[in-house]
Each structure stands twice: as C-alpha cells, then as structure tokens.
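Common to both upcoming complexes is subunit A, partnered first by subunit B, then by subunit C.
Entry: the complex of A and B
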C-alpha cells in the first residue's frame, strides 16, 4: 500500500495517538454500550435547546417574535450575534470530543424545535396570535454551512472569520424566503405600508408602545434598500464576536472543567 | 461483549438496561413532564380569566394558592430527597463499589442530570415564550403573574434542587469521581451556580420591572443576566465528560481483572 504524504510526515506521537483511539473504538466493552450514546444525545437536546433559545430570546427575542420587527436595520445585526453563540460552543465540544463537524447543526435543530414548540403552544394556542405573525426564524441552513466550513478548514479561526462573517447574510438570506410575502406593499387606512405593518397594527401588543408606530423607522425605507446590506456587513462583524463568545463557553465552561476541582472552599 | 440486557443471574436488571440503571431518567422526566402539563393546563384555563387582576379574591384562591403549593412541593421534595440521599449515602461512604454497581450509579447520575437538563429547558425556553407573549399583551400588576408562577417559583427552584441533588448523589455514591477529599468539582460548581444565579436574577428582574414599568421589551438589558445561566449550565457537559472517562477506567480495570488469571496461569 502506498504511503500518503500525510502518513509519511505524521509524527510518532500522532501515530501512537491514532492507534490508541482505534483501540478504544474497536475494544470489546462490558459496560459501555449504545444506551450511553442515546441518553447523552437525547438529554443534551434539552440543555442545548434551552441555552440557545434563552440566548436568542433575551438578546434578540423581539426581532424574532413578530414579522414587523424583522426589519432591515436591527434584525440582521442582533439576530446574527445572538444565534451564533451556542452553535459555536457546540462546534467546539463536538469537534474535540468526536471530531464531528456537526455542533452548529445539532444546536440549530434543537433551537428550531424549541422555538416552534414555544411559538405554537405559547404564542398561538395560549395567546391566540396567528402563526404567520409570530413564526420563528430557522438557522439550520446557515449552521450546515458553518459546520461544512469547519470540516473543510479544520480551523476555528478560519471558521469564525469566514463562517461568522457570512452568518448574518446566511441567516437573513434563508429567512428572507418566508419573510418576503410579508414585505409586500399594502394600503391600510389610506397609508402605504407592508403586510407585516398591518399585522403589527391589527394584533395589538398592548403592553408595548410598538403597536402605535411602525417598527421599521426613519430613513430605512428611503435609502433604496442600501441599509439592508450595511446591516448585513455589520451583523457579520457582530457574529464573529458572538462566535468567540461561544468558543469561550465551549472551551472554558464545558470542556476545561472536566476532572478539575476547587481545592479550597 | 457481555450483555447487560435482561434479567441477570440475581434476577435484577443490568446497570445499563432501560428499566435498570436508566429507570431514574424515565421516572424523573415523566414526573417533570406531568408537572409541566398540569401547570400549562392550569394557566390555559385560568390565566385569561382569574389571572388578569391580582387584586381579586379569585386570584388569591387560585394563583397565590398555586404559588405556595409550588414552594411547599419543592421544599418537601428537597427535604425528603436530600435527607434520603445523605442518610443512605453515609452508610455507603468510603468503600468503593463493585464495577457493575458503580456503572449503575453513573447511569443514575446521568438520569438525574438528564432530568435537570429537561427542567432547564422548560424554564429557559418553554415558559419564557409564554412569558414574553403574556407580558407584551397583558398589564403587569404583580410579580406573581400567571406565567411567572410556574416558571420562576416552580421550575427555577426545582433546577437548583436537581443540580445540587445530582452532586450529593455523586459525592456519596461515586467517590472515585466526586469524593470530598478531591475538592469541589468545577463541573458542578458551574452547573449549580447557573441554577442559583438564575434564581437570584429573578429578584433583580422583579426589581427592574417595578422601576421601569413603561415599556415591555423582551430583549431589554436588565433581562440579559438570565442568559448567563444558559452559558454556565455548560458545566453539565463537564459532568458527562468526567463520568465517561470514569467509565473507561472501570472498563480497563474490569478487563485487567479478567485477563489476570490467564496471565498468571500462563506464567505458571
């Protein structure tokens, strides 16, 4: 069998480590079986979904709750920052534990399920808001691309710079498809506005001042849409910052504490 | 691989059988889901009728009663469970369990951690969604609102009880991992502090709402500290990580003890 260049340059230590890992994989175990995998992957869904959703809800919740809040200026910036943090943490955890480039996708699928459960049972069934007014965004397609970047680059720095910087654009692009129908013009009480504006006026959020005005304010609609692209670039910058906050969580709050103890209390 | 399925020689369940070591996970999650279903149905039935005005007698008989019932339930559960864990744990202290028993205990620990994970999801995602919807549409005239009562005063303290209970379980029953002479594990420190800080943030939140009543934004800055618990709860992954490493150690020692007679026979 011909040796590959990488095999030739592989250090003895690396070769030894690979052999050890292969032994671990092929060993016959008495107590370690698939139930541990099933329990881990299923019960982790809850904490991952909870952490990702609370981060989205409290940093960018208002922009995710309503169609008329999904504006051209703040939505791409705030949402990009809030939604990349926990996927980044899980990218680190799954990469160091199994070399799985799946952490972001796993997180975003968990977040997708949690968001829809919350939006359906709490906003729609309990509070009777129509789902087409309160639907949550999906970050799954963007997460697949983020994981693909990690798999290809094998570098968290490159993944953060390329994936983080384009995260805002990807999240916006993939969610613009369901949002577009609500941005169509409509005439309401002799004013031209969007369908989402009409929703915001029609379904009163009486504890906020927001039902009295348009969410998308000021010059946003008079700059020929240019603000959108400026926001996406700034959102990308914020997402890079969010990515490294997630890396801190993954590295120092999830993995670093393994087997470490506080000696004096 | 030796099977750990089905009834073993002694007629009991194996340490990693679904009805053996993993039973704690199912019982814990079923109890949490049942409690959550009850609280959701309670709110669904009463929130828009009795829950709108905290000055009414009906609000006291329904929602304040529910609030006290939740605190009492949590307190009684905490006292009974911790009491049992410590009392029976002291009897077990020091002697190292046999590998099979230690594996079962790690499975039980994972069961408690799994239930904690579910509780954290319910308090961090399920109820905050209704809380957001409720407070952006309804007048807030009390800290004990219909959505706060299940979220803040049942699931928040319950998560503290579960996280600390998981540590107490490990401290007495899995000394190879969490023996007190090793110190206090960072993993549980982060997980428990996440749950405790979350509860403390409730106080700040209610104080903030009494000060800044005029607008109800969910992403308002004084809500942001709630996010910290979601991040600190990453300590749960460290609990999983260190117990997996312990499982590998148990496997290694089990294999060594099985191979030892063969080697000694060959040597002889």
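Entry: the complex of A and C
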C-alpha cells in the first residue's frame, strides 16, 4: 500500500509541484465547473441506476422481488454477488477521477431510488401486489462501509478482500432486520409456514410456481443447522469475485473507450 | 416539415391507441397445439359463483389427467403446482386441496395420474376477470384449463388477508410489516444521501480531475486537499452511525421476533384418483380437421374389455370437453366457451367383448381461438380422454392419440 509522501521525504521540486496542484485544485472557473458538476451528477443517476438495477435483476431478480425467496441459503450468496458489481465499477471511476470515496454509495443511492420507484409503480400500482411482498433490498449501508474502507485503505485489493466479505454480511444483516416479521410462523392450509410463504401462496403468481423457488430445502442442514453462516461465508467469496468483475468493467469497459476517444481528438 | 411530421406521428399514435383492443387471455393460444393436446386434459371444471363482492369466495373445482401420451420432446412430468390462473393478484388463494389433501405447495405427479382439485379464492380487486385452473409442470410450464369470467364488485369494507400467527396474533397481510420495511430502508438511504452531499456539494469534479491525473492512484493527497483529515472524521462518523443503526436494528429485531422459521418447501405425492382398471381400449385410427367449419372428426377403434355394456359419454382434449348428450348435460360439463356437442356414430352402448369403429365429431370456435389443432406443426398429433359409463362404474377415462390431417393446408407465403 503506497501512501502520500511525507514532507520530510519530499524533494523541494516535489513540494513545489504539490503546492501548484493545491492551487489548481482550488482554481476558480467561471462557468463549466459547477454546471458540469450538476449535469454530471444528475444525468448519471439514470445511467448508474439503470446499470445497477439491470445487473441486480439479471442475477438476483426473483430473490429481490419476493419475500418468500429471501431465504437462508441462496439469497445471501446471489444477492451479494449481484449487487456489488456496479458499485465496484463506480468506485474505481470516482476514486481515480476525483478521489471521491463515493462510487458505491452513489450507485446504491441511485439503485435505491430506481428499485423503489419500479416496485411502487410497476408492481404495486400496476400489478397491485402489496408492497410488503415485493419490497426491494437496500444496499446503501453496505456501500457506505465499502466506500469508507476504500478511503481508509486506498487499496482496491484490500477493499475487495475486506469489503467483499463485509458487503455480503452488511447486505444480508441490514435487510434481514425488516425481513424478520415475514419469517414469523403462521398456520395456513393446515400447515405451519412463514408469513412470507403465505404471501407467496396467497398472492397468486400463475407463472411463478412454487417449485421455481431456489431456496433452502435442507441440503446444508448438516452444518449443525447453521445454513445462514455457511452461505454468508460463500457469499463473501462471491462478493470478492463480483467486486473484481466490477473493477474490470470500471477499468476497461467504462473508462477505456473514453480515454481512447480523448486521445483521438 | 417538423409540424407535419409531429401531426402525422400524433395521428398514428391515436389510431393505434383507438384501434387497440384489450388483451384478456393468458397467452395459452401462443403455446403449440401439441403442448396442450398431448400433455394434460381438464374435465368437469366448475368456477362459481361468477359474481361476487370484494372479500367473497370463488371456488374452482375440477379434475385433470396427465396423459400417457406426454410428448417425448418434454421432460417427463414429475413436479407440478396446481394453481388458479388469473391476471395477477386480483384474487388471493385462501385454500387448496388436491385429491382431498391440503396442498400448500408443489406436488409430485406421474403420467396417467388423475388429480381432483378444489381451490378457494377471495376477490381482492374489483373488475371482471378471466379465471382458469392451471397446472404448472416443471420443465414444461403452466398448462391452462377452461376459464370463466368472474365479476368482482366493490365492497364497503377494504380487502383484508388475515392470517393467524402461531403466537395467536392475527395479522393483515395487505399491510403487515410494510411500514417498517419502508422506514428502515429510508433511514439507511438518508445516511447515503448525506454521504453523497458531503462530497458533491462543496467539492468540485473538474479541478479535482486535473489534479488526480498527476498523482498515483493510492495517493489521497491530504496536503493538496483531495481527502482531508476532516473528511476522514466525518466519514467515520457516518460509517459509525450506519453500524450503530444496524446493531440497534438487530437488537430490536431479536427482541421483537425471537422465533424465525425458514421458508417451508413441503411437497407430497397425492394418490392418483384414476377410476381403476380401464374398461375399454381405444385406438385412434385417424383424425381430420376442417378449418372452415371448425370441425374435428376423430375415428377410433374401441374394444370393450369389461363385462358390462359401455356408453361413450364425453371426449376431453386440453381444456375442452364435448358431451354426448343434451344441452343440460353440456352445460354441466364446464364453462360454456370450452364445451360442446359430441356426435358419436354409432351411438349405442358397446357390448362386452365387442370391438367397434366409432366416429367422434365435434365443432367449436374454441379449436381456433385456443389454437388446439396442429395445422402446420412438427407433430401433427392430437390426444384426449374418452369418457365411458357403465352400469356398475360411474365413469372411466381412456386416453386416445391420433394422427391429424387437416382437410386442406392453407397457402403459406412466408416461412
């Protein structure tokens, strides 16, 4: 891990260069500066929210749509992987361009808006599913910690290793809290089941039959019944992989074409 | 020019919107005929009442047989889910039994199995809705039975979906837990917004980019002012608040909901309700379909292998049933759009041991509307259930399969 050179080890020329950079940082531009900021941050909301939402829905759609898919085995693994990819890409872009530890938070704030708008208007208003059955998860708290880790370590390797595992835990832990009421045991159709199961049976999904649910069926119960923790460890590993897929997107697919274009002109 | 273009575009949109008709089907006509004919036959389906108020029950009863003619192009039927097919959650499913047993989820099925279902729904959204029974089979998709229009009228009281928790508490699933989900998620979102405002409002992007491109990637340059100790302090405060919020939320959750159950995935194998050993054998000797009159003729060779005379009473194919009887008998066979008259020649009981050539003739718009007849398909086959009645057996169901040849193939100008 490299760091900012200290005043003692810097040469006079280096000190002078950094002073000039300080002046440059605080330089006042008349028009483009703030206008560009507003245009960028606002227009990027749609692109970033779209990218993050599509990635989440592509990999973890049903786990995010329904409470009866938010299980102990698959949900922590799939969701951790699916939701870290675009935040990681944005983390690279915003850190490299502006030294902002904001890429993950920005992505997840945008994703939060897109997800809730989509669920409210498409699923609740148009399809009339109750929102308590189709609520989206929130990744904002996990993103704050991921950005904080990058700011503290200034290392993408350390952020991926510590942050990937932390991401998987935070995404699960933050969303498990509002999920708890839906895991209450209830009696329905002469069976004991969770409230979320009742929602899945009651609110009819003709084209999403019960057998399509990829949820825990008991295969990991040999781990002393602690399916959740095994899945979280695996989810952490998957999140590290997802983080580096995001880095690939950020470093090569998102920024590289722009660099090529700028060089050309 | 621009004005004319805009006017033309507006006119085109209006024409399309005014000319568009509502879509009320569930997509079953898009399925290939073999997918409906060779797989499952529904019969004796009844949906009642057809006019209710919000909150009132509607019952779907009926039977289906998974045919022995199941296409080789599909995975064999093993896991299935019997469900109402409705346009979204306009009803809620309140109860369901299959062959008399409570059915909370998926079931195990087999070729030749007969399943009697009973589903009770309660009206949730006012409107006029098309209601079908259906069976989703893993690897195949949802196969739909005959449907009926059900009108749900508004009620003075809002819809409730009450469920009893094991601790005795009764909760309304229309709203239960929803407010907590929203406010909890919003609280996390607000911390994120504060984080973003801290960085984006006072700090500019243009001048920072000019600086960062001249520095190593892991140099956060506090001396230059990119990320200052003040930034570190406030970001740590926000991260700390986030962690504290989670810990607090977890303590609250553990105290308020100490018991949490994994989602349940029970399945069972209903004992088939097939009527027993078949009383007859039926061999399809060829079928024709006349598209102009929507008439299907099925030629069969029937052998009575029982010790009693048998009467051919009905023929069921996919979601349709044709009845060898009067108008009252046809009306009792199921929803009117999916039933019709069956002409049987010769229409006399088949004596024990007798082998007879029998011609079945039936007509109906349903053949075209639901695209039940293979007119241009890789499998020019139909299959269905022939219903018999004997003096000591109320009914028998025998599967028949036949090659189908249309009376004429329609010209085809595009592939």
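In this section, the second predicted complex is superposed on the first by the 224 of 265 C-alpha atoms of A that agree within 3 Å, B and C clash if a C-alpha of one lies under 4 Å from a C-alpha of the other, contacts with A are read in each partner's own complex, and residues count from 1 in each chain.
Here is the rule we use: a contact is a pair of C-beta atoms (placed from the backbone, for glycine too) under 8 Å apart; a residue touches a chain by one contact, two chains touch by 3 or more.
Since the structure is predicted, the reported quantities are computational estimates derived from the model, not experimental observations.
Looking at the shared chain after the overlay, A:89 reaches subunit B, while subunit C stays out of its contact range. In the superposition on chain A, contact is made by A:50 with subunit B only, not with subunit C.
Touch criterion met: A:204 reaches subunit B and subunit C at once.
When both complexes are overlaid on chain A, the residue A:33 reaches subunit B and subunit C alike.
Touch criterion met: A:78 reaches subunit B, while subunit C stays clear of it. With both structures placed on the common chain, the touch criterion links A:117 to subunit B but leaves subunit C unconnected. Look at A:109: by the touch rule set out above, it reaches subunit C but stays clear of subunit B. In the superposition on chain A, A:100 makes contact with subunit C only, while subunit B stays out of contact range. Set side by side, subunit B and subunit C differ in how many residues of subunit A they touch, and the one touching more is C. Of the two partner chains, subunit B is the only one that A:61 touches; subunit C does not reach it. Subunit A uses residues 24, 27, 29, 32-33, 36, 40, 97, 127, 129, 204-207, 209 to touch subunit B in one structure and subunit C in the other.
Against subunit C, in their complex, subunit A makes its touches with residues 1-5, 7, 17-18, 21-22, 24-27, 29, 32-34, 36-37, 40-41, 68, 71-72, 95-102, 105-106, 108-109, 112, 116, 127-133, 135, 138, 140-141, 143-145, 147-148, 151-152, 154-155, 170, 173-174, 176-178, 180-199, 201-207, 209-211, 213, 215-218, 227. For subunit B in complex with subunit A, the touching residues are 1-2, 4, 15-18, 22, 25, 40, 43-44, 47, 99-100, 103, 107, 110, 113-114, 117-118, 120-130, 132-140, 182-187, 189-190, 214-219, 223-224, 226-227, 229-238, 240-242, 244-245, 247-248, 250-251, 254-255. Of all residues in subunit A, those touching subunit B in their complex are 24, 27-33, 35-36, 39-40, 42-47, 49-55, 57-63, 65, 78, 86, 89, 93, 97, 114-115, 117-119, 121-123, 125-127, 129, 134, 204-209, 249-250, 253-265. Against subunit A, the residues of subunit C that register as touching in their complex are 26, 79-81, 83-86, 88-96, 102-106, 121, 124-125, 134, 136, 138, 141-142, 161, 163-167, 171, 173-178, 180-182, 184-185, 188-189, 191-193, 195-196, 199-200, 203-212, 214-227, 231-232, 235-236, 238-239, 242-243, 245-246, 249-250, 252-253, 256-257, 259-267.
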